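Pasting the structures here.
Both complexes shown next keep subunit A, but they swap its partner, so subunit B is in the first and subunit C is in the second.
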Partner chain A sequence: MAAVCTASRVLAKKVLSAKAIPAVSQSSRKLHFSVYGKNNSKVSDGMSTQYPVVDHEFDAVVVGAGGAGLRAAFGLSEAGFNTACVTKLFPTRSHTVAAQGGINAALGNMEGDDWRWHFYDTVKGSDWLGDQDAIHYMTEQAPHAVVELENFGMPFSRTEDGKIYQRAFGGQSLKFGKGGQAHRCCCVADRTGHSLLHTLYGRSLRYDTSYFVEYFALDLLMEDGECKGVIALCMEDGSIHRFRSKNTVIATGGYGRTYFSCTSAHTSTGDGNAMVTRAGLPCQDLEFVQFHPTGIYGAGCLITEGCRGEGGILINSEGERFMERYAPNAKDLASRDVVSRSITIEIREGRGCGPEKDHAYLQLHHLPPQQLATRLPGISETAMIFAGVDVTKEPIPVLPTVHYNMGGIPTNYRGQVITHTTEEGDKVVPGLFACGEAACASVHGANRLGANSLLDLVVFGRACAHTIADICTPGEKLSPLKPNAGEESVANLDKLRFADGNMRTSEIRVNMQKTMQNHAAVFRTGKVLKEGCDKMDAVYQTLDDIKTFDRGIVWNTDLVETLELQNLMLNAVQTINSAEQRQESRGAHSREDFKDRMDELDYAKPLAGQVRKPIEEHWRKHTLSTVDPKTGKVTLKYRPVIDNSLDAEDCAAIPPAIRSY
Partner chain B sequence: MEVYMQKRITFSRDLSILGHRLLSSQQEQSHQDSAVTNKKDTMLSAFVAKRLVNGVCQASWRPAVAELVTTRGYKGEAPDDSRGDLIEIPLPPWTEKDGETMDIKRRRLLFQSRKRGMLENCILLSLFAKQYLNTMTEHQLRQYDRLINEPSNDWDIYYWATEAQPVPDVYTGEIMDLLKEFTKNKDQEQRLDAPNLEYLDKGSQ
Partner chain C sequence: MKRISLSNTGKVTIFSKLTLTVKVVFPGHLCCCCPVFHTMARHSKLQKQVLSLFRQFLRAGQDKPGFLPRIRDEFRENSSIKKTDVMHIEYLYRRGQRQLDQLKDVNTKQLGTFSKPKAER
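Entry: the complex of A and B
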């Protein structure tokens, strides 16, 4: 409703005359693509081939209203830009709301702290695949960003003296790893994600940001290698909207839903990555997918590490506490990637649990029921609701679960989307920006540290807004756009809406998810990955045989889920092909057949006398993947990691070293 | 014990701040739509009541009216939530959509049930919608609409459904009862994922 009011308010400023464009030659259905003003359009729920198109003009368009999108939209509106925010979900319902941890920032409220130590932790955490200029930018800006949020009204939890309370979180240390655990994570009790969304959404409304809620962005409008806006479907009435703008910011989140088991909501479908891929631009480092060791089997809901902290143990089909073999000292409390790998090995070797022997059990019933009820009350409810399991009697089925995507749309530290050629190096794509989980700046490199994600959202959302404010002024005239720009997207929409093949959306989706889960999960080997690539290619081809059942245009969930499947598929093929090619183990990408990291020098040995390998012979480089959407063929290129910080004197870059904790 | 005593002091300090805010917000909003004020009053007074009860409860991890913090599993020392953003940055009030047929409303609510902020709600509400949405009466549809679209924090809906938190008056009713019952999963069925949409395909049946 708000969207309709907003849209008509915008249209009052810009009324267009009706123009009819002849039918698209490619589709067999006669498709009329006509541009009407909103007041004149009539859309029925019947089988109409008419797609009324409404044009909007803005100074900036943000796609996605999660933490990063809202921060960018707010920053742009505050700077005076006429900003539109196009989102398929109501802002406070974005996946950011699931975040309960906090935001890392070296404020130094709990003990002396320095952002350079945070910089070191992040570089090391990324296994030296992160771009150090972007990491420098993020960790240096972190305290400013948190203080800024506080000024916007975010009620961070406080210590008794009224300073922002900071808690400990994994991977954070003092004095470059030598000073013990750091307490850097600022939070709003346990609803940091929600508070961030609520605060930014509320504040942005005061600056007159236009929200187009429950509009599904279909594609970017690209012309001559420049991004000129976005085309979207309004779910409420089935109309098509073209948002023309000089600056488009993509903040659409991750793509956990390519896997059978993930902790992400059903909205994490990689829409932004797919839009960029269809525009012919590359995505970066998609093979780096972070797995959390204990998500509920099937459902994927996160079972917190605290369960194991309270005495819960992982067992296999033989009832054995297998972690004792893999990590004799830490046992079930070994680091996340070690536990994930151990569970996967047990399953591969035939000791998995359940009828399909495809998961492990997390046993809690040996703990006193009182302890379960008081220390872990949420777990009992979640296990009952999603696994039908009474934790006082039975174990919970768990599986390493996809949790975060380190890869995404490649950007520089200012949030501008880049492409790369060996001759010219990095080149900015004019008019296109990206931030948040959808982007790859790259601050997380091969592995993300906890509580760095919310920081990433806020810092780079802000960076996009600042960069746009630097290079543009509000009210600039837009360059002309071809009258039939976006036609292919609408043709695709129409094709899917009336698709009548043999395979349902849900069937193809489950095939993709199972292929990814079986072939590109925690445990990767060349043979298994190659099989997976071939299977994934076959699944991709079945998209041509898809069958949808809802022919309507208003609130057509079947159509939206099918569009999302197309997007997921593009992400999946890139992920598995990139993983198959990368012959080393680094961060979250671990290969059983190539167990070591392969850098330009062997950092395990003394460096003197070693010859630096050329980039073609080592793996400390970013993967850039592109797809031909018609065939599903993936092409891979590589790009060097940025090893220098923004200011060598202020913050020395960290040379690679062996990563041990 | 000392830490706990300090926490209790914080509670009573918070209470006086809250009391003050409740009064001033009432004054501010007295010129606005009375429906909005009443709703805010109900929500704020429910909140104040909760704070009062918390202040009174002795050292128990799960007091009668559970703090948001302790029910979410092991997060270590998680400090109190002043809810300052919710009080000082009110979002535009949710309003019902006019002129929507029941059929269109059902289609909209289906989408809005399946696409939520976190996985737990995605699964729970889409299963709930599969079971009940197509047979809801108009009154029930309106209740459901309000329940899933008005609250700003998706976690709240999950806590109410799992009875970890008390339901605010404005959401109590048939639908909330149905949801709570559904959530209990008395038949202990496996809820591995949100259902595929094909149950809606009349053609295949």
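Entry: the complex of A and C
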């Protein structure tokens, strides 16, 4: 006790230690790692910035607690794994809560249905860029997944006989496209995502997952090409935490905030994609950004496709239901990219609504008010608050808005992250998994059908948990990790915390968002994209000149926003560079200078007698992009699409064809 | 108002608030205005809670490397907070309880530190 008093008196007087700090031969950025308390005699308080690092060991770590993250986390806990869930938001605040539409599943409650028709619709919706084995897995598991959710207590809307109510949704058809509109989207009024997330959260409390809420994941701990855990910053007290584990699941969501106008929350910053990029691994198909046709003009809030499913129609300034011209069969329920392009063309040709003729109208007042009140209560209120419109009397002003990212971390159908080389093909990265919007399995290909995303979350969240349960056993000993693992992340954190340049975080962010909005929108041209790539590169370089104001470490939101900006920038440069290189129009990526799809065979003409093009000469392939974080230079490679389903007899693969609705 | 207490060795020490050491001092002082021997003011409820938290921390951090010096440093640093600043103390106390739960968790293994010499920046 006396010794402690002495020590405290010594420290109180801040006496510099007699021993000099040993000459630092490493670069000035290097941090020195030691177990706290030892070696303290060499370094005293007055001379160093110290970042305490708590080490944790788990069997599995899930980053992100949205729909996919929660499903993976409690799936793993159910299988007996010691699981940690690291999330920067409280689970019920993740962006899944904002999803409105529903979950597709071929339950057959409204009319006869078959999951193979759902499979066909998804493959066609993806413009034949989706991997058919993953799509087979998802559509076959769909009824089982929805029934499981219902058993968890999710309060689905019901039909008269008590079965789950299924509504019509974009791109869904019967009998492989020949049987008319299918009703297979299971929904909870118009707040399906909210119910889904709260149901999953409630269920997850039954299991003993350890939640680390408001911990911002900084980077993956990679060693020898294997993922050994995650390093995160605790926002509450500023301590660093290293979560060591044999299995890491990334479920961090999309990156809508790279654009100026989007339906995403402010927290959709693509953290998982950026972590994977900094680890030297590729991201897949980032140029495919979905523009949802009906985001409120001005505010950007989402009006669900379910409105059109319940009978709502899109009209132009002449009062015409213009979708009949662009998609004669499906009309307003065509695939989202088709509808977004149609609205944009109408506006360009001068038939836009409003004083500046720059948006379209979504009309709902022809529907019975009672139906609007039961099936679409949420958007009635949203329209009133954000557009000042009473949906029973006036139409809602809408504009295509960035909504979803089809691309992300490349995985196989089991949820394992893969890299690709031409010699060896697809290779699994040991210890790393991904699911949800952050992953690219790829079920959505070049365009996502509505209500497939919530399905994607639960199916692949569960798939990751199953795959980990197959490969590993709980309680396995962890492989050794270097003691200073995660040093670069902490060095970066330290650099940003004391950054003293000239540009604020908000200025750089707005520059990036405006560049993306102006140069990589619904319709893209080569010249405009090239200009955008150069501008984006310039904005990336200004990151070195950033200035932050809060020097503290406790609840430093300035620092966290700057880290998020770094993540957004990595996503943005990959998106715009991949878009510039892809010289065709496919799904959500439409080029004015290359209006057609370029496949290995020309599917518009009869196939007999055509020569199959080699992969270098056509575009039915996945883009794999990597970035050098120091320079911002993007390198692109390509990977073939998987064209065979999991079981050719049970469900035949769909050969490519012309995509029209 | 300074309180002067007599230690069991007879030395006069200034009693400080939130001291680390739970020294047992002979509770009593001579009041100058009356011949009664008053008992010293005891620790307030909040002080007792903080001391109890500290003891729990020390017990929990025994077997895990690196925690004890950090626990001592934190409490030492925060001992300079005024006794009247109850909001701040309660905030730190609640945060400390959450940190203690994490420390007690079987998955928390050790505490290290990344340190950067100030001169280099």
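We take it that the second predicted complex is superposed on the first by the 509 of 661 C-alpha atoms of A that agree within 3 Å, B and C clash if a C-alpha of one lies under 4 Å from a C-alpha of the other, contacts with A are read in each partner's own complex, and residues count from 1 in each chain.
Quick note on the criterion: a contact is a pair of C-beta atoms (placed from the backbone, for glycine too) under 8 Å apart; a residue touches a chain by one contact, two chains touch by 3 or more.
Model, not experiment: these values are computed from the prediction.
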{"item": "Partner chain(s) touched by A:575 [first = subunit B, second = subunit C, both, neither]", "value": "neither"}
{"item": "Which of subunit B and subunit C A:58 touches, first, second, both or neither", "value": "second"}
{"item": "Touch count on subunit A, higher of subunit B and subunit C", "value": "B"}
{"item": "Which of subunit B and subunit C A:192 touches, first, second, both or neither", "value": "neither"}
{"item": "First (subunit B), second (subunit C), both or neither touched by A:98", "value": "first"}
{"item": "Subunit B versus subunit C as contact partner of A:210, first or second or both or neither", "value": "second"}
{"item": "Partner chain(s) touched by A:84 [first = subunit B, second = subunit C, both, neither]", "value": "second"}
{"item": "First (subunit B), second (subunit C), both or neither touched by A:247", "value": "neither"}
{"item": "Subunit B versus subunit C as contact partner of A:294, first or second or both or neither", "value": "neither"}
{"item": "On subunit A, positions contacted by subunit B and by subunit C", "value": "1, 236"}
{"item": "Touching residues on subunit C, where the partner in the complex is subunit A", "value": "20-21, 23, 65-70, 72, 76, 95, 98-99, 102, 105, 107-121"}
{"item": "Partner subunit B, residues of subunit A touching it in the complex", "value": "1-2, 45, 88-90, 92-98, 100, 153-155, 157-158, 160, 165, 167-168, 187-191, 194-195, 198-199, 201-203, 205, 214, 235-236, 262-267, 297-301, 304-307, 309-310, 373-379, 381-382, 384-390, 504-506, 549-550, 552, 554-558, 560-561"}
{"item": "Complex contacts: residues of subunit B adjacent to subunit A", "value": "6, 61-62, 68-86, 88-92, 95, 97, 104, 107-108, 110-111, 114-124, 126, 149, 152-155, 162, 164, 183-185, 188-194, 196-198, 200-201, 203-204"}
{"item": "List of subunit A residues in touch with subunit C within their complex", "value": "1, 4-5, 8, 11, 21, 24, 28, 31-38, 40, 43, 46-58, 82, 84, 210, 236-237, 240, 483-484, 487, 490-491, 494, 498"}
